[in-house]
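Each remark here refers to the structure printed beneath this line.
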């Protein structure tokens, strides 16, 4: 049992999807099965937590089975494994995914249009997300990464709003462009690294662990730092870093590659917006921490300032664009861009605080953004109108809704006592420290980024003032819409989210116990390997 | 009596065949152009064979080319006949159901 | 020189290795006879079964000869060479033949026996073509494929299909005449037709002249016509639109792979193990780049699924060429892997294009809303298109990764900038290809159809589609078995 | 100049002339006759090149087969009233330019490469050419021979099927 926990986590939803597809159409079982599977995953995750040892660094609960092993004559052997495991980076994100999928399934309870397909796709997406966070083999990771694309495309394209086709295609193309860049680097890595435990013939392994170890780089290969291959005057290793950075940056999303996000959010149904914001964006940050930085530490040390710069641009631009938004959902989408900028800044600092802060921010933003999108969904369900200017004085009409919104806004703008505050504080600490510790990024980045906090407070408070305070008024084309307060199902979704933000805000140790060992080893490996490789390049 | 003049004739026949194929708008005439090109090749094969008297490769090849030329003509005319039945013309320009 | 008796003995010995082709000839004759007996009356339906059994038998014979073959064996006085490479391609052709019969099941009833006989004849041509080591055989085999192909295009007997057949015929005959002229010039240079012989190699080694280059280019023109590769591709869209869809599937796989096969063998011969002073990889790379780009960009504009697939198959030929240009063992093995996957995915797509065609869904637009009324079919079609695009989790992805990896590896070893250009163009084209491959799924899932298409009982089609999908997925998750087979193939001439 | 040499150049001349005429004729039936002239001149050249069997085949297969088929085709596809369809050209000048280009290119390279070769063109007179061809076809070339048979059968059957299809109006 113990050793199959992760596989269970990944394959449960796939089995669920099959069951949903096989069941006759027109029944209501689909959503029940989806919920059942999500809850079972919750159970599995509790077992995982019990089995996970926080005192250890490195991968745990590993499962490894030979998947592809091809003898390639002069090439040696190409090997890909089914290799899943957890560490302090994966575990919080897996937990977040399990939790968010339960919420998203409940939130999809009232989907009317072809239920069977919807829940089947939701379950497939579930499996892909779990797999992405667990995979420790590059090919396996890429497989799950790509596999998220189609379910998401159809979920937005079929169940979305008025401009769903445009939004889904834009989403698809952006993500695909990113994944092709990642693919190029994957091929280069495959050809340039060997497995650490090979005997005699060269074994080209996809294992990320093997690729991280700079001793495994084959001499005279494309990515060999000693060979120092250049393309247009820039080292191939730097190119590879840039490709990966762009590929994951699109997912994150980072300004200026973010334009797919507002459109996708505005058109997607509520549950899908929740998944998109809470989970899919995290894959960008996860990729940076898992692949981009550890695999190209030398290039990372050269270009961290660029990563930080894009982080700060995202923070400021996202906040400004949020302020200018008239549509509530678009506002929240842009606030996501702003918040994910902190992840970039944290990663770029390559300090324990910064890296831990980045992971913390990912989890925290996952919870808070889920809450925000659910709240928008609640309002949209009732009035089919998301324009901020059409509402005022909602607090008197929907007091419970107002209190949840207030809480979510405060959490999002980073008020102390909420998880967002902890995350942002850690990122700032890391960014300030970085120049002194490793000299990667300048303090000014951190200072400019604080501007993002001020702007965040400004647009949230302004929105509160416009929508909830004052005299009740609702301008609508259909007059007889009744604005009722939250029902039990909605509270069931929102309450756990609210509790979790508060819990992580007050007891950061809950999360940091898992994250810190990872953040330490991440910082150490990147800095040491980076310096070692740079020493090779410039002796 | 030199082989050079044969090569020149062959090149000439091939070029004329090519021009007919490119220029003429009648399927049957294009077919004739193709026959000219095949014959140019045959002429080459037989002439080159003269330089290797030990074998008859070139001549045998030319023989197969002739057989295939007959096959091609038969197939081509069968198709042209059917096209004519549908379109009442054998001029490809007037046949344009398929959008290019 | 061998005496007549030795030659006769050689012929007798050769027959042992010639079993699949003999079965094919037998199948051809049986089908001809049954056309006399069975075409009238209600026994017509048995023709499908007869053809299926005969082609299955051919497949079995090819499997047997695959197990027999370990090294290159010259057959029929050196006219042919039996090699693992050829036998593997023959296996692919036979699979394609069986699938063609299954796709034609219960359709195109008029003159069915002749129809199958012509398919058999073209298959025979493909078999012989990939074994050829003599230009006479190359020419004859290409005609054995081409002439039945012209006729098969006409087998819808409509105005359109006749026009397609005429265009195909005229273009094809000109191409083969040009190729023949090239062969005659090459004969003048080398004084032999056997391009695997030492005489040939010696002759061209001392004559790396522009004249030699031109005569080879003329020959390549004919081969590229069969592959439907730029600049000899313009016939493809018209023919694909006109021909019966099982035949289109056949055209886009069998002649193409046979053409690639002989192109590889011929290029290996003229490349002189890299000693040629003419850099043939440059020519092949340029052709591959052009083919890929023209195929993909032209496919974007198409409104008819069959025309779109025509351009798609042109682009796929480009990727097959990418596998071939390096002329290394590795690249060619991956090219064969790609060819296998391409065959399966292509037949899967044409299975459904033909299936929907019979429900009079011909245009892209008329696919709108089919995802609802024919959910199973649409999903299986989607998998086929995804595999052609090269996205996971289908074997198409792995195949593309393999082909591009070997290209990259060649770049790394040789440092030829051109390989890198091909690499980049190839990857960019993959993005472009996504736009048109997903057009049909886009219509069928995201658009609402005005008139709902009846979801008729199509379990037979879906069963076949499902099997193909399972194979495509299986090859992604467990490619080791197939790669193990391909590793047996070596390309020493 | 011997008689043989005279005949040689004479037939080269007729072949070239009839081909050029073929290019400019306006009547398709006359074009077929020009093609026939060209093919027969080639048959004569084959005899002079000691390829007698080929010459006979040329007359039987080309003159007797191809040209007759083509004339049948012309007769079946000309419009009612026996009026032959006038032949039209498109892009005659560019076409001619391409043709001339190809011709001079071939001429240039044939001249450079082949004429420069040490001429091994022996004027050996082989008496039993026909016998040798027969033996070669049934030994070395038995496979192509048989395959050509299969091809002929397939083509006859296929062409008959296609040509014999009667267009039924719905």
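Letters are used for the chains, namely A, B, C and D, taken in the order the chains are written, and counting of residues starts over at 1 for each.
Just so it is clear, contacts are C-beta pairs under 8 Å (C-beta built on N, C-alpha and C of every residue); 3 or more make two chains touch, one makes a residue touch a chain.
None of the values given here were measured: they were computed from a predicted structure.
**Student:** For the interfaces B-C and A-C, which has the higher count of C-beta pairs in contact?
**Tutor:** Answer by contact count: B-C.
**Student:** Please report how many Å separate the Cα centroid of subunit A from that of subunit B, as a whole number.
**Tutor:** 66
**Student:** Would you mind pulling out the distance in Å between where the CA atoms of subunit A average out and where those of subunit D do?
**Tutor:** The answer is 72 Å.
**Student:** If you average the Cα atoms of subunit B and of subunit C to get two centres, how far apart are those centres in Å?
**Tutor:** 26
**Student:** Indicate the whole-number Å distance between the mean C-alpha point of subunit A and the mean C-alpha point of subunit C.
**Tutor:** Distance between chain centres: 43 Å.
**Student:** At which residue positions does subunit C touch at least two other chains?
**Tutor:** Touching at least two other chains: 136, 140, 143, 147, 151, 154, 157, 165, 188.
**Student:** Could you list the positions in subunit D whose residues touch two or more of the other chains?
**Tutor:** Subunit D, residues with two or more chain partners: 110, 114, 141, 144, 148, 151, 155, 158-159, 162, 165, 167.
**Student:** Make each chain a node and each touching pair an edge, then name the shape: line, ring, star, complete, other.
**Tutor:** Contact map by chain: other.
**Student:** Which residues of subunit D touch subunit C in their complex?
**Tutor:** 105, 109-110, 112-114, 135, 139-144, 147-148, 150-151, 153-155, 157-159, 161-162, 165, 167
**Student:** Quick check: in the complex, which residue numbers of subunit C touch subunit B?
**Tutor:** Spelled out, the residues of subunit C in touch with subunit B are 135-136, 139-140, 143, 147, 150-151, 154, 157, 159-160, 162-167, 169-170, 173-174, 177-178, 180-181, 183-185, 187-188, 191-193, 237-238, 241-242.
**Student:** Under the definition above, what is the set of subunit D residues touching subunit B in their complex?
**Tutor:** For subunit D paired with subunit B, touching residues are 4-5, 8-9, 12, 15-16, 19-20, 22-23, 28, 31-32, 35, 38-39, 42, 45-46, 48-51, 53-54, 57-58, 61-62, 65-66, 69-70, 72-74, 76-77, 79, 85, 87-92, 94-96, 98-100, 102-103, 106-107, 110, 114-115, 119-122, 124, 126, 129, 132-133, 136-137, 141, 144, 148, 151-152, 155-156, 158-160, 162-163, 165, 167.
**Student:** Spell out the part of subunit A that touches subunit C in their complex, as residue ranges.
**Tutor:** Subunit A reaches subunit C through residues 67-75, 114, 117, 142-143, 146-147, 149-150, 154, 157-158, 164-165, 168-169, 173, 176-177, 180, 183-184, 187-188, 190-191, 221-222.
**Student:** Report the residues of subunit C in contact with subunit A in the complex, numbered from low to high.
**Tutor:** Those residues of subunit C that touch subunit A are 329-330, 333, 372, 375, 386, 391-393, 397, 401, 404-405, 408-409, 412, 427, 430-431, 434, 442, 445-446, 477-480, 483-484, 487.
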